[in-house]
Structures are given as structure tokens and as C-alpha cells.
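Both of the next two complexes hold chain A, though its partner changes from chain B to chain C.
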Partner chain A sequence: MSNTYTKYYYPYISPFDPCKPIIRKSYPTPPQMYLGFQPPNLPQFEIKEALYRGTLWPALYSKYDKKDYRGEYDE
Partner chain B sequence: MSSPKQMPPEYYQQLEEIQMVDFAIVELNLYLDTHPDDYEAIKQFNSLTYESRKLKKNFEKQFGPLMHFGRSYSQYPWQWDDQPWPWQV
Partner chain C sequence: MWYYEKKLQYPVKVRQCNPRLAKYLIEQYGGADGELSAALRYLNQRYTIPGKVIGLLNDIGTEEFAHLEMIATMIYKLTKDATPEQLEEAGIAPHYVNHEKSLFYHNSAGNPWTAAYIQSKGDPIADIYEDIAAEEKARATYQWIINLSDDPDLNDSLRFLREREIVHSQRFREAAQLLIEERDKKIIF
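Then we have the complex of A and B:
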């Protein structure tokens, strides 16, 4: 399973659906889902960097960026 | 009535530094909850805790108490209710 930050799926679009169809939907898949039990002595960010990255370990860093996170698009 | 005193840049620099160290402490604390025998992490945790207390002591000497109920000292007159409050910082 490739560990990506976001995964997508394509919901069924009914011909009777009155609203604009959402072609693709997405859900976040942060690294901790693929890590299992965290091994000791993982490399760490600089302390200042860690504050802005939201985690002490690069292996667990996840962007969660808004732009790609929802990933929905219509036609 | 002019607006109350503006905080000097060091106020914000020191606060950010305290935040940095405290964030790393929280991360290590949570990590150590599940890895109690990780000696390196405990060493780092203790050194960061020492660093954090030093930074806070230095900050409080200049800008007044960070915490209340006996976790910080106050000069005269009572400083705890001084501005800026946390949401005003």
C-alpha cells in the first residue's frame, strides 16, 4: 500500500441526482496509518522546525493541505 | 486614554522560544508514554524540560507571571491580571 497523504474514490452518480455531481472525493491518509508501532531513535526535526511542522519526526509529518485534501471536482 | 503599553519584540521572541521547547516536550511526553524504556528520548525530555524552566524563569522575571495558583511569582503590585491576556498577545 503506497503511503500517500490523500486517497481518492469516485462515488456513484445517479441520473436523478438534482445537485451537481461530485466526481471525485478524497480522504486523508497520514503517515501514522502506515507506521504501526513507532521505532525508537527516528530522525527528528530541529526544535523550531518541529513547532511549525506539527510533529517532531519527519516520518510522521503530513501536509493536510487544504487544496488537495478535499480533492473534489465536478465535470 | 492611550492604548496600554506595547510589548517589546523580545516578549514575542521569548514566547515563541518557550512554545518551541514546550511543543517538543509534549511530543516526547506522548512518545514516552508508549516507549517507557527509550533512554535517549528520556535524556532529551529532561534536557528540554530543564531548558523550558530556564526560559520561563527568565521570561517571568521580565514580563510577569505565565501561570497562576503558585506556579509563577509576581512582583508588586499584583501582575496576574495585567494585560495582555493570552488571547490579546
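Then we have the complex of A and C:
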């Protein structure tokens, strides 16, 4: 699937904004938005890997790292 | 009925004494989108929903209690040996005055947990969509806590919990499909 799991938008920036503007804002759209009813026989993580990641299914795994304080996400 | 396993669903490790993080984490303990709300919401909805999704509510509701224990462990560890002065600096002196170090079901602003946080409409579609929304809100809350936290060990456990919200959301979305689809039609994957 060629879905992206982060979406970006560019809010209006006023010349009078008091804080340093964040030009590009983003929000997560993780895999469950797109999978639909899970098809049978999808690939699985190794059992230890699955325990660590919180899911058996690579198709449902969503990485999330601490974002910097500007709130800008990168893939 | 439940059997109890005396271990956490996923290990909880905390690197440093940080009562301020405990103040944020309590949102997932006794907040509107926290684990207590989740567990009680699903386990309560079980009774009045079509049979094919009762098991799902039972399983996820039970798992939410496992998450509740993890959150409790995190909060306990983050505050265990903190001095009253440290608690005051972290902004949780009001909690200390009322509860000392004991945990309490309130959100990070100090509002006590209320049953008004959970919905039970009796309409299967309304209830399942509520559950999907609850999972997405809990996922978002974990994201915001991870962004505020600089404890890599704690973030590891929080990432696990966030992923579980994703899996639960997926399963509720499938439950909605099961309730919506025409029963006499052939299902094609």
C-alpha cells in the first residue's frame, strides 16, 4: 500500500504572530485508517519482535518517535 | 470471571525520578480517555451488543486493565522517593495534600474520574464508533505524553501502549464492518 502515515498542512501565518511560526504542521494518520477489514494470512513479526512492538502485524505497526518541540514531524 | 497473572503486559522501566511526568501520566489513569474509562466502557457495553462483537469488547476491556496497571506502575515509580519539595516543584502538591503518594483516579488537571466519561448508548453502531474514537483519543494522548517526556525507557513502554491503541482501533473498525455488512452477501477479501 502506498499510504503515507503523516499528513502536512501549511497554516496561515500572520506578521503579528507572537511565537516563531511553524510553517509546516503535521499530524499522524496511522495504518488502521487504511487497512480495512484485515485480510487473512498477512506477514507476521517474529514472536519476540511482536512483543516488543505491540503488534504481530507489520501492516499495523506504526512508529512514533518523540517530536521536537516545534511539533514538526518527519517520516 | 478473571484469572490474574502477576506480571505486567509489557515491562515498565523508569530512568529518573520525575514527578512532573507523573502529573501528565495520570491523565491516562483517571482521565476521560484513560485506561480506566476504556476498560469500564467496553466491559459495560458487552451486555447489550450483538453476540459477534461481545468477545472483542471482553478481550479489549480486559487488556485495558493490564494497561491501567502499567500506567499505575509508571506513576508509582516516578514519584516513589520524591520529596514533598520535589512534588511541589512538579505542581502536584495539591495531590500530595489530599493523597500523599497514593494514586487516585483523576486527570492531570486534578478532576476526579466520573462515569460521565464513558458512554453506553445501547445502539451498537453508536457504541462501536464511540469506542473507535476513544482509541484514537488515547493514541493521541500517548503521543503528547511521549513528546513531553525525555525518559527513553518510559517512552519505550508508552510506544508499546500507543501501538496497542492502534490495534484496538483496527479491531473496532472491523467490528463496525461486521455489524454493518449485509449478512446474506458473500464476503470477498
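In this text, the second predicted complex is superposed on the first by the 65 of 75 C-alpha atoms of A that agree within 3 Å, B and C clash if a C-alpha of one lies under 4 Å from a C-alpha of the other, contacts with A are read in each partner's own complex, and residues count from 1 in each chain.
The rule is short, and it goes like this: a residue touches a chain if its C-beta (ideal position, glycine included) is under 8 Å from a C-beta of that chain, and two chains touch if they have at least 3 such contacts.
Here the structure is a predicted model, which means the values were calculated and not measured.
Enquirer: Once chain A of both complexes is superposed, is A:I47 in touch with chain B (first), chain C (second), both, or neither?
Expert: first
Enquirer: Figure out whether A:Q38 sits in contact with chain B (first) or chain C (second), or with both, or with neither.
Expert: After superposing on A, A:Q38 lies in contact with both chain B and chain C.
Enquirer: Who touches more of chain A, chain B or chain C?
Expert: Looking at chain A, the partner in contact with more of its residues is C.
Enquirer: Who does A:T55 touch here: chain B (first), chain C (second), both, or neither?
Expert: both
Enquirer: Which holds for A:Y5: it touches chain B only (first), chain C only (second), both, or neither?
Expert: Touch partners of A:Y5: none, neither chain B nor chain C.
Enquirer: Return first, second, both or neither, reflecting whether A:P28 touches chain B, chain C, both chains, or no partner chain.
Expert: After superposition on chain A, A:P28 lies in contact with chain C alone.
Enquirer: In the superposed view, which residues of chain A touch chain B and also chain C?
Expert: 37-38, 40, 51, 55
Enquirer: Report the residues of chain C in contact with chain A in the complex, numbered from low to high.
Expert: The contact residues of chain C facing chain A are 10, 139, 142-143, 146-147, 149-150, 155, 159-164, 166-167, 169-170, 173-174, 177, 189.
Enquirer: Inside the complex, what are the residues of chain A that reach chain B?
Expert: 37-38, 40-41, 47-48, 50-51, 55-56
Enquirer: Under the touch definition given earlier, write down the residues of chain B that touch chain A in their complex.
Expert: Checking each residue of chain B against chain A gives 16, 19-21, 23-24, 27-28, 31, 34-35, 38, 40-41, 48.
Enquirer: Show which residues of chain A lie in contact with chain C when the two form their complex.
Expert: Contact set of chain A toward chain C: 28, 30-32, 35-40, 51-55, 57, 60-62, 64-67, 69, 71.
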